[in-house]
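Look for chain A in each of the two complexes below; its partner is chain B in the first and chain C in the second.
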Partner chain A sequence: MRKYALLPFNFITILNHEILINELGDFIITPIGTVQKILSHSISDEDLYKTLVSNFFVTEEILPSLLDIYASRLRTKKGFLDDKTSLHIFVLTLRCNQNCIYCQASSQEETSKHCSMSLEDMTASVQMMFHSPSPNLTMEFQGGEPSLEIDLIRHGIETAEEINKEKNRKLTYVLCTNCRKLSDDMLELCKQYNILISTSLDGPSYIHNKNRGREDSYEKTIAGINKARAVLGNEFVSALMTTSELALDYPKEIVDEYVSDGFNGIFLRALNPYGLAAQNEDWKRYNQRFISFYKTAVDYIIEINKHGIFFREEYASIILRKMLTPYTTGFVDLQSPAGTINSVIVYNYDGYVYASDESRMLAEIHDYSFRLGKVTDKYEDVFCGSVAKRMGKIWANEALAGCSSCPIKVYCGADPVRHHSTQGDMYGFRPTSLVCEKNKAIIEYLFSLIVERGDEVLPIFRRWVK
Partner chain B sequence: MKERFEIDSNSNVLFVTSQCNNHCIMCCQPPQKDDDFNFCFNQNIKLIKSAPKETKVVCITGGEPTLAGDSFIELVSLVRKELPLTDIHVLSNGRAFSDNEFVHKLKVAGEDKVFIGVPLHSDFFRDHDIISGAKGAFNETMLGIYNLANEGILIELRIVINKLNYYRLPQLAKYIFKNLYFVSWVAFMGMEDTGWASKNAETIWVEPIDYASQLCRAVKELDDWDIPVAIYNIPLCLLPTEYHRFATRSISDWKTRYLDICNDCSVRFECCGLFGTSMRNYQGLKAI
Partner chain C sequence: MTLKIDRKIFSDSCISTVVYWFSSRYAIQRSIQGTIETLTIDGVQDEKQFLLEFYQKLNDYKLRNQIDEETKYIKTILYAKAFGEFDELTEEEILE
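Now for the complex of A and B:
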């Protein structure tokens, strides 16, 4: 071997293999002991040496001639930063017609007053949205149950369409609804503006109904999904699940439910422990149970794919896209710099702007740490104000203790809001961080599948991430 | 070479020079040292002016056509002016495109109907340099490909399979997807046993039956990622059936040859056949 120098990379040991990972997320699976050999310049496997050089792990040149390719690829990976905030969440109301047992949004009775956004605040919020330089703007309507506020939705969209005549952005609309009462008027509005419907389905009726606190919830949701599909088309309706404690015992049944409802994917979402740090011991146990639930479910989904059915797990797909492709990913929970403010922003019913969906949930328990300003304030004062500045110091995992030296940080992200909420400190402490534990376990699990069953799972994974 | 262009032919060739700054060990038309730029240029002007306006594609090749420098650009510009509907396919080792001003001139001259076929022999720079017979070729070619992409010029990667690179074809495919995912398509090409390929046969000749498994793994990886991929110059009888869809009738019409056994073959008319110019036939040919 020639003389060479190291380029930045790290490694993780999985199933008696060393997986070498560079700053782009490219990885090489090598036998145990390889890193030691690289360091001591005693690599005897010529093929491995060629792979290390061609993939920018080591270089024979002090100033590598093609390092700009590496730089260009890094720019592509961080492409989610180019456009700034593209996801704009509008929390229209806390009013809701369900009583989900794990509600994180502090929903109120359907008949409640004083918990919906005013038309004036909607106008101001839409105006603020257009200050974002992003060529793609997504307006996502949330609640409570936003379909209870159809006039507000219509007003928001009409205001946006009017401003957009001049601004020429690509507008996308999403309605997050439980589908319980999708009126004909609502669906007509969806049809008119190509609004995507994102609903909640937790699994079979015995799980969904218990979670959602109503006997007829499952039936109503399925009926709503079918009604929406009939009017808008299947591709306009997607569903999300939340893994309650009850759900933890039914990974396969939940997947089966999604397959039989005609969905081609599922997002296995853990409960977010907002404002519940006090019961930390329970959350630790939940986290560990969720990890085994997740693995069982993904294993099962792989089996389904082997029978020729395309069906993917969305969270794994996001991580695999980071591992297997040169492309960027736009998922706000796994970004560094963090997705909060950079990619997502929330206009709340109370007339204030928050850093993320979770930030406005904290506000419901009187924690206003991530309130950025009023919707009527100046864009600069909100997006670059004192809260944003404080967060900016700790929202890149490359610069966080416990993350910066982590070999798999490139697949993960920074989450100041979560750490503030669960550890009382937005910097966070990784050794006891549950989000760290969960992401590590999932990423290592995906690696172990690739190491152990690569020929079998990689063709499936490639289909998931395209 | 043709005296006149034909509308549907895949071999309307503008030959720019027989000189080259690479010395590829499998070169089928070994470079010459003669100063032939002016002679070729004048011939090419005649060909362009007499060509039917409906000509689908002209191929600018050599030697290394970019060695002609500004008169290469002038040639592209003339084709564009005289034959506005015709695609311009340039075959180049890509090294000259490491100069981004030159690439910009090409873009201005050729507008949006130029595509460049660039050979990439390996993901490992030294293997590429050895195969192309020029130190530093890999770095210049890679930079050239990036400059071409930056100008929005379409790129075809051409990989001539030989004994020095076949065992890393899967790694090369991965490298292409990771680093050159913007290319328009990738062609894996069987070798023509003529010119230096014959002379260096001992070092470089390898039979398709010996590299089919690496080739198929590489093709599958790129196809899985939706990067268009093709197999050139390898008869269908040497490829697994599920890879037939990647094989094209790639050999220039005037060079194509079939054997007697091909007459009984059910896929003869979809098959590229063999090089009429090749000194030997591949092993394992059969009617299927």
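Now for the complex of A and C:
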């Protein structure tokens, strides 16, 4: 009987293997029955024993001499907390020049009035952003269609640049645009301030046009992407897709579209239950179909990579980065404590601050649960106010029923806003939580690929997380 | 269907966690007499499959509970070492 003490870990059974996962997200694939052997101190496999010791699963000392290193690595895994709120979303307007069938932002007609941010609120929002202690501040302009408000963007950036002469933060700008009417003035502004363009491309024309409610949308988006690339360079233009009901039938065609458009990755993004998308009749069915869509698409992407083309799936890459590297990710949906407020904040066109992008979407259906205060309020009252404190009690999955004992919680996150919107309770009930079902399915699927086809997929996955 | 579980073998925490995960599919009533807990489960169609899944989960959570119990002190030390100094900061310092 070996003498050792256990270190904290959990396990999951996949494809007749036990995957042991420690607090850092490091994992070991072992035969069935290994956990029982560890607990009964009866491991006979010398190599396995050495692996368990060297990877912080068991220790031969009562207080491991490498505990400080373990603690330091754990701190690194939660490094996003040190960064504080770095992503500042400015919802400039609800005005939009498209009619997306699943619009999650409750966009209005292009000619609509009283749904754009005032210059005064933009100034106050930028001033509030600089109260965040983060050394890196990203200003992300959203809508509606934010490029319809170029003067507001210019004002926001110029105000930020002026304040930053004293504050000395690293500023990054992102414009989320449908690329439909990217004017020369807009691109000149992008060039001047190195603004990154994030556009929406749902796949081939027959999917994109249907989703976006206009027959020429695909053509205009591709033209906009090419125009932006010509002025700014390829690396300044990225695209996101949203998986509509229609898209669920075309996983390979959507991936092919992104490859042929010269992108080196795709974010297979599920619909969120906000705005028009909330009217979806059967979310459970959608969720199950999305999981199947996702697996087919990732399988296909792996095949593409095997032919020597670097092309990654972004959601998988975020999870794999947590599995295969010592580092954290800045992706707010998979953070614990949750990314809301801690990593992201939203200054809305209505002059109020919200906990996340989804929170301001809820406000459009008169649910103000995550409204933190006005942009003119004191920073402390907004970021540490009563709403933030209420959320703070339930935003860490380490302390939530259903999550705390989950073996894969280290790769996942708490999502109080989503659970509030879908279950009427910020805390959430995991057995019926669709976000839990989706994340579990994807994480377990990635593990199953590693277990079953490790030699083939791990070199590809390692390239994705570099 | 009715299921009797000896709490000397499976703890309350262990049974509660498994009941939590099954409660989206079944209505489960719990009662205790001595060390024996009786679960009355409504809605089970395939008893064999249910028992297989239920006991698999019970056994898994039992192992997890054992690991948690054995590692709770080292886990506290680990998290204190990793994040402890945050507790020493005043609210003003945090907001600076």
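By our rule, the second predicted complex is superposed on the first by the 458 of 466 C-alpha atoms of A that agree within 3 Å, B and C clash if a C-alpha of one lies under 4 Å from a C-alpha of the other, contacts with A are read in each partner's own complex, and residues count from 1 in each chain.
Assume contacts are C-beta pairs under 8 Å (C-beta built on N, C-alpha and C of every residue); 3 or more make two chains touch, one makes a residue touch a chain.
Note that the coordinates shown come from a computational prediction; the quantities given were computed from them, not determined experimentally.
Look at chain A after the overlay: chain B and chain C fit there side by side. By the touch criterion stated above, A:C384 is placed in contact with chain C alone, chain B being left untouched. Touch criterion met: A:D47 reaches chain B, while chain C stays clear of it.
When the two complexes are overlaid on their common chain A, residue A:L63 makes contact with chain C while staying clear of chain B. With both structures placed on the common chain, the touch criterion links A:S72 to chain B and to chain C.
In the overlay built on the shared chain, the residue A:L39 is in contact with chain C alone; chain B does not reach it.
After overlaying the two complexes on the shared chain, residue contacts for A:N168 are found with neither chain B nor chain C. Touched residues of chain A were counted for both chain B and chain C, and C has more of them.
In the overlay built on the shared chain, the residue A:S260 is in contact with neither chain B nor chain C.
Using the contact criterion defined above for the overlaid structures, shared-chain residue A:R462 touches chain B, although it does not reach chain C. Between chain B and chain C the least C-alpha distance in the superposed model amounts to 15 Å.
Contacts of chain A with chain B, set against its contacts with chain C after fitting on chain A, overlap at residues 68, 72. By the touch rule above, chain B contacts chain A in their complex via residues 122-125, 127, 139, 142-143, 146, 167-168, 171, 175, 177-179, 181, 220, 224-226.
Chain contact summary for the complex, chain A toward chain B: residues 24, 26, 47, 50-51, 53-55, 65-66, 68-69, 72-73, 325-327, 459, 462-463, 466. Against chain A, the residues of chain C that register as touching in their complex are 17, 20-25, 60-61, 63-64, 66-68, 70-71, 74-75, 77-79, 81-83, 91, 95-96. Across the complex, chain A meets chain C through its residues 5-11, 13, 23, 35-36, 39, 59, 63-64, 67-68, 70-72, 74-75, 78, 133, 379-380, 384, 401-402, 405, 407, 429-432.
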